[in-house]
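To keep things simple, chains are lettered A, B, C and D as they appear, and every chain counts its residues starting from 1.
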Amino acid sequence: RFQGRGAYRFFSVSAARSQILDVAALPHRTVPHYHQTKTSSLLSLHWPQPPRNILLMPKLHAPQVTADAVEFAKYIHSNYPGLNFIFESHIANAIHETLPFPIYTTAPSNAPTLFAKKIDLVTTMGGDGTILRAASLFSMHNSVPPILSFSMGTLGFLGEWKFNEYKRAWRECYMSGCSVTVEDLVDPHTRASVAGQDKPDFTPLPGWDSVRGNGQCMGPSRASKILLRNRLRVGIYDSGGRNINAQLIPTSTAEPDLGPLTADTNHSRPTLANPPYLHAINEVSIDRGSHPHLAIIDIYVNSRFLTEAVADGILISTPTGSTAYSLSAGGSIVHPLVKSLLITPISPRSLSFRPLVLPLHSKVVLKLSPRNRGRELPVSIDGKRRVGVTIGMEVRVEGEKLEKGPDGWRGGVPCVIRASSDGGPEDDDSWVGGLNGLLKFNYPFGEPVEEP
Amino acid sequence: RFQGRGAYRFFSVSAARSQILDVAALPHRTVPHYHQTKTSSLLSLHWPQPPRNILLMPKLHAPQVTADAVEFAKYIHSNYPGLNFIFESHIANAIHETLPFPIYTTAPSNAPTLFAKKIDLVTTMGGDGTILRAASLFSMHNSVPPILSFSMGTLGFLGEWKFNEYKRAWRECYMSGCSVTVEDLVDPHTRASVAGQDKPDFTPLPGWDSVRGNGQCMGPSRASKILLRNRLRVGIYDSGGRNINAQLIPTSTAEPDLGPLTADTNHSRPTLANPPYLHAINEVSIDRGSHPHLAIIDIYVNSRFLTEAVADGILISTPTGSTAYSLSAGGSIVHPLVKSLLITPISPRSLSFRPLVLPLHSKVVLKLSPRNRGRELPVSIDGKRRVGVTIGMEVRVEGEKLEKGPDGWRGGVPCVIRASSDGGPEDDDSWVGGLNGLLKFNYPFGEPVEEP
Amino acid sequence: RFQGRGAYRFFSVSAARSQILDVAALPHRTVPHYHQTKTSSLLSLHWPQPPRNILLMPKLHAPQVTADAVEFAKYIHSNYPGLNFIFESHIANAIHETLPFPIYTTAPSNAPTLFAKKIDLVTTMGGDGTILRAASLFSMHNSVPPILSFSMGTLGFLGEWKFNEYKRAWRECYMSGCSVTVEDLVDPHTRASVAGQDKPDFTPLPGWDSVRGNGQCMGPSRASKILLRNRLRVGIYDSGGRNINAQLIPTSTAEPDLGPLTADTNHSRPTLANPPYLHAINEVSIDRGSHPHLAIIDIYVNSRFLTEAVADGILISTPTGSTAYSLSAGGSIVHPLVKSLLITPISPRSLSFRPLVLPLHSKVVLKLSPRNRGRELPVSIDGKRRVGVTIGMEVRVEGEKLEKGPDGWRGGVPCVIRASSDGGPEDDDSWVGGLNGLLKFNYPFGEPVEEP
Amino acid sequence: RFQGRGAYRFFSVSAARSQILDVAALPHRTVPHYHQTKTSSLLSLHWPQPPRNILLMPKLHAPQVTADAVEFAKYIHSNYPGLNFIFESHIANAIHETLPFPIYTTAPSNAPTLFAKKIDLVTTMGGDGTILRAASLFSMHNSVPPILSFSMGTLGFLGEWKFNEYKRAWRECYMSGCSVTVEDLVDPHTRASVAGQDKPDFTPLPGWDSVRGNGQCMGPSRASKILLRNRLRVGIYDSGGRNINAQLIPTSTAEPDLGPLTADTNHSRPTLANPPYLHAINEVSIDRGSHPHLAIIDIYVNSRFLTEAVADGILISTPTGSTAYSLSAGGSIVHPLVKSLLITPISPRSLSFRPLVLPLHSKVVLKLSPRNRGRELPVSIDGKRRVGVTIGMEVRVEGEKLEKGPDGWRGGVPCVIRASSDGGPEDDDSWVGGLNGLLKFNYPFGEPVEEP
């Protein structure tokens, strides 16, 4: 087995075709541009040059999906030259022998740092859980690569493509925006440049031509649509007011829960002096965990005391997360483009704790009330437990800012959206379809009587 | 057209086969017995002699259903001799020429009085609305005949038989309990006797033998199951504390709303001295009607002030009605055998007005608050407007008592339940089936991906 | 009585002091500037010159409030020279004799047109209903004057000042921004100019100096805070697709419901060719009115079919309205600064119609389903019935745009917010206070045991 | 410390006054009669002879309440001779030295068996949690002694007396029904006889006379009112279909969670052959505990599959529990006299899982779906974790039957209700008061403006 130890070792030198190489050896990441258009509230995806480094994340514990990932990788590799496939280390170990070309990985403890520097595009295969896992690999970073996701078996709310469409999906995403010359567009999400290079070079780079039989660009109107999902920025503070996020760096391992961090890494780590933010794409929650008694949590909004929640727990959710846990807890369904955050109580001991929707940039602070009598409550991000908080500690949450940086726009999780093939309304972000098809929103009563 | 004027006139003397006769001429009603059994919480239906006078109520404004009712009547008439078919007058007028035998009716204004004396069994064809209409014909009476209901086109929550099963359904219901000797059973719903006769004679009377090819009794185990639905008893009081129910007698006409009462009836009418109760099978409601402002209603329970509701309205619902308006307004779903009544507010201006479930025999009083400033609010029973109440008036509601009277058990609406043909659990009252099949209760998210 | 006939006539010439003059004679409106600040998400109010034309709207049918309005007018008139007081005509008639100076009014049918041209500032005295009434006077217009509102007797959610604070409130609002030189600020709400004049002149005009003993400006930091409430733009279309808004112009009369429009006005009216929009500050609703049966309404979002609502009605609400009817119907509480609109069903016959929050600029269309069988359903705006819609008609709703125009920023209703006197957090928009103080949000269970 | 080892040992022989004696040495329990009355749906309490053995349970971890319990015990001891005070062992250890008379206790492991044989009356001092703890001591038994409860500091929903009323409360409860000759009453809760004696002797026994200055009986009309709270009967079954309740016997210790059972007891224990039921007074729950993923639970009602719940958990609640966890999870409020059980999902991943209210005697079975992938979910009774269930195991729940046995009526938890001192309506079960006073039911919006 590949033993993650901070630097890559050849796993199987005898057969070059089934090598596992180190992600560190890959070229730097290509950062795409996102353009606004007049006709849609979605963005469109523009690669300054073809994406090369693809992180492929199949669902865990699902052998059939692993097999599908192998099929996908083989097909893409044959038809789109020059691509590098990255897998999480336990997947890489499991499949490299079935692939006729080398693949890349790194130790779980390095993944959060290294992936952010190298990955051009993430492709997930699974349900919403796999997308959340992908997003969590970048949860310490501002600039998340676009995520192209396939639902396998059951549709998910976040993933828009069916696996049997993968050829079309890949082609659309890979070629997206290839012939576009970027004009100076009016709005926030427009300008972007290739990471690490200053001169913008927007003519198609080598790569697109060489796609077998597919070399022609499809033009700007066929650019993939991107839904930029807002995230929440989370800081955990100890009772001395110190940010302890740096101690909570997630791992990219097969174990979904936070394991102890190994110390043997050379990669720069965030420090206490410059603590990283954790980002949530669905929600941050504090709950009573396995404790039988109600949790008591003081909530502050913009430094003002809002209320004392006596409840199973509290969720601070994104609009994306409004169809996840918050929905179960009774929250409204909020469109992902509404710039907001939700405060939704979980089983509150109150008749009058109605869910709230606040401006995205509100600053929400959760504090354990001293009335909890010294217990520790788990804090989870996107369903993954990160830390336990005790009296005196604080969880500070606010909407992540979207801002222009030296290497393009930062903030949010760019999700590639399936274009409606039926020529539907332009502004089709598949959200209405998901409400009806997946959530069975307002599902009608009754049924026709069957004929005899 | 047959013009209801209190006494029947021949409508078409030329063709005896298409005569319309007066319900008053029919023999008195046969009241069935209802037995409790050890294995089920439903009752079983036992006719002391075959039912003869059948009220047939097709859905209004649905020509196909009227045609189905004609088919049904013809079939039953040929195979089960000695039956008399009663229709509401507008239906009778519409169909008597298509039937090869005389039918019965009476003027709408007489129906509430006369039907209660003559009808052995009600058969509805339509949805829940038709059942509610049937029940409303007996809403002034304690002893409602059993209701056999067919759903036509769309299934309803209250009606359990599909129309294409009508031969089996009829046979089961008609023969129900024909060979049973009634023992003295332990509990409330047990003892019953034939209306108007004192000597209990429980051997099958003539009539069952003569059913063509069907003469054999099916034995007690095949008795039809009866769900006895509790009703609410409603009294409307004017500002002087006088019961004004007698002014609100429902009509059995095609107009669902309360028309002015015609005065030309010979039949005894309830008087102010001895006001009848109105009964609701779903709910009693007060709402703001077309008034733009919130209604303000004071609610008392057992003479104690409960709360002031500021809302679109208030529902006092039966468990049966818990899947009707109360469900829409956010109430819990209550099994019809839970002896209770529900107080459910409609769009209350409050965060903390949670729906309540009280013991069935609680006395609830609704009073318009003087803060309503002199307006009139409509009171409806089972979705049918009955009267407008103003400040000072009261609506008094309590569960109808089930009690033994000289002519059998009184109270409730006995509904014939479709026996599960799949040999399911004994205590199958079709309620769980209705939850899942009709209300799409806890309908699962997601859907399988279609194969290519 | 003053008889509104399109042009003003002197009512009482004998006593100049109690004259009622015509609003048409007043100087043109002064439009304030609204500035964004770094520390708050609220805007700040800046008058280019002191406001002169004040519309004073006391609550209807409340003699004490009318008396308070007289007291207020007298005080302001004595201490702040040069002000003109405008009242709705029925109020003007009732009070002009008690005032020692002339007041202004116009016929109800002219108010919607004339007020928009003349009023600098609206002062309401009453509850939320009075504010809604004030907003409805400007519901055909993009540029609504700032509203300073006093709650009288009971606090309202929209009105932030208590009447006993009126001297401070008025002073703050009148002097607001008097010494500020407007720089070119970065964002939407920044630039504004005096209506009808091109040269921006931002030094204090005569008027401020002359305030008795109050002449000193309080500086920019003391500028009044403005919450700009988003509105919904509503178009009603007949079955031929024609906008019929022009037929629904509201009147400013004492009758809150839409009366027939008088034809005798010289003022320019919107025409079918150029139909005005109607604007809602709380919500647009369609409901079943006094009809006993469920309404069936098809809902489209951005031209895509969303769902068929079978319900008492449907609300399209602003965030402001999220604490009004939508709250009663089960909607979430949405902060007024979240750019969104809410779709909240009223008592839907469905287990799965969860309230939705959409981006503000979504286009929502409500159509009566043909399944309603020909009835007419009332459409209301802010609780005031405007029109009945029938099958084939459409109600089109979308968020009002905020945009820069020749005469300053347009869109929204600018509400003057009470500054926290306790030196609370800067970003105090009183919303949290309203949740806790008025809505009793998450009101804690239990109570201390009284000591013996 | 008193070390519970199955048989009592003297703890402190030197000082007789502060002795701790063994509960086993006490006389047998006196079982009261409960009578129905015409005017109330509550029962009335009738002691065949004065209660002697009083279990006194102060709230845990609350020194002030322990001190109050000492005060109470001293007062009662001086004024009501012949009483024996029993405490849980850790309390007995803590306080026996402060009391001038011997007290009784037993080892925690013996408490569930021994208390049921000896305790005449339970007096709790604390909140609802203390009452639940008291009830849990009798959760394996059909016949629970009456519970007189005092709320200390904060009122609880289950406890009706304030501590400062303790003299009156005690007197009323102790003397309750002392002069009544029991007639044969019509209904269920009527007949009862003294445990262990056959001859009913209903004249006051010695004991009542000797109460200092209080010897006179207050007559039947002053009998204490009893609310008999229904319980749920719970059986846990392993994957082989074997009832494992016997392994889950609760302890009466200070640790609220289930510890390992000590084996050193001579007292007869329920065996696998004759497993005891566990009883819940609030609810039985299965939840996801500290597991991050949704629990998947199959629910059956009367052997029929109802639904698959995908949720944080599932509650099966009594009407009593409808104001506890079920309320937080969104359930309706159900009056304790409505014979029913509630199925309430906790944060279900569904839009359409509305809470259900079923007849009390419904048989509900909860099974872990195999889709849970091998994890263990905690089952709790009244908020106390009892066992973890895994795939294949079942939790079977049904309403406890109320039945006449050789030693009186069995089933339910008889709670002494505070009589309204204000001469309120007869049927005052304090439930309406609790809704308004404690739960702030339908708490009105707004507030009066304070005067300056």
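Basically, a residue touches a chain if its C-beta (ideal position, glycine included) is under 8 Å from a C-beta of that chain, and two chains touch if they have at least 3 such contacts.
In this text, all values refer to a predicted model and were calculated from it rather than measured experimentally.
Colleague: Hey, which chain ends up farthest from chain D, C-alpha centres compared?
Modeller: C
Colleague: When contacts are scored as defined above, which chain pair ends up with more C-beta pairs, C-D or B-D?
Modeller: B-D
Colleague: Indicate the whole-number Å distance between the mean C-alpha point of chain B and the mean C-alpha point of chain C.
Modeller: 50
Colleague: Can you work out the whole-Å distance between the CA centroids of chain B and chain D?
Modeller: Chain B and chain D have C-alpha centres separated by 42 Å.
Colleague: How many angstrom lie between the centres of chain C and chain D, each centre taken as the mean Cα position?
Modeller: Roughly 56 Å, centre to centre.
Colleague: Using the touch rule from the top of the page, what residues of chain A touch 2 or more other chains?
Modeller: Answer for chain A, listing residues that touch two or more other chains: 327, 348-354, 439-441, 443-445.
Colleague: Connecting every touching chain pair, does the picture come out as line, ring, star, complete or other?
Modeller: complete
Colleague: Where on chain C is chain D touching in the complex?
Modeller: It comes out as residues 151-156, 162-164, 351-354, 437-440, 443-449, 451-452.
Colleague: Please give the residue numbers of chain D that touch chain B in the complex, ascending.
Modeller: 41, 301-310, 319, 322, 327, 331-335, 337-340, 342, 345, 348-359, 361-362, 424-425, 427-428, 432, 435-436, 439-445
Colleague: With touch defined as at the start, can you tell me which chain D residues reach chain A in the complex?
Modeller: For this pair, the touching residues of chain D are 256-257, 289-290, 292-293, 311-312, 325, 327-330, 346-352, 378, 380, 383-385, 439-441, 443.
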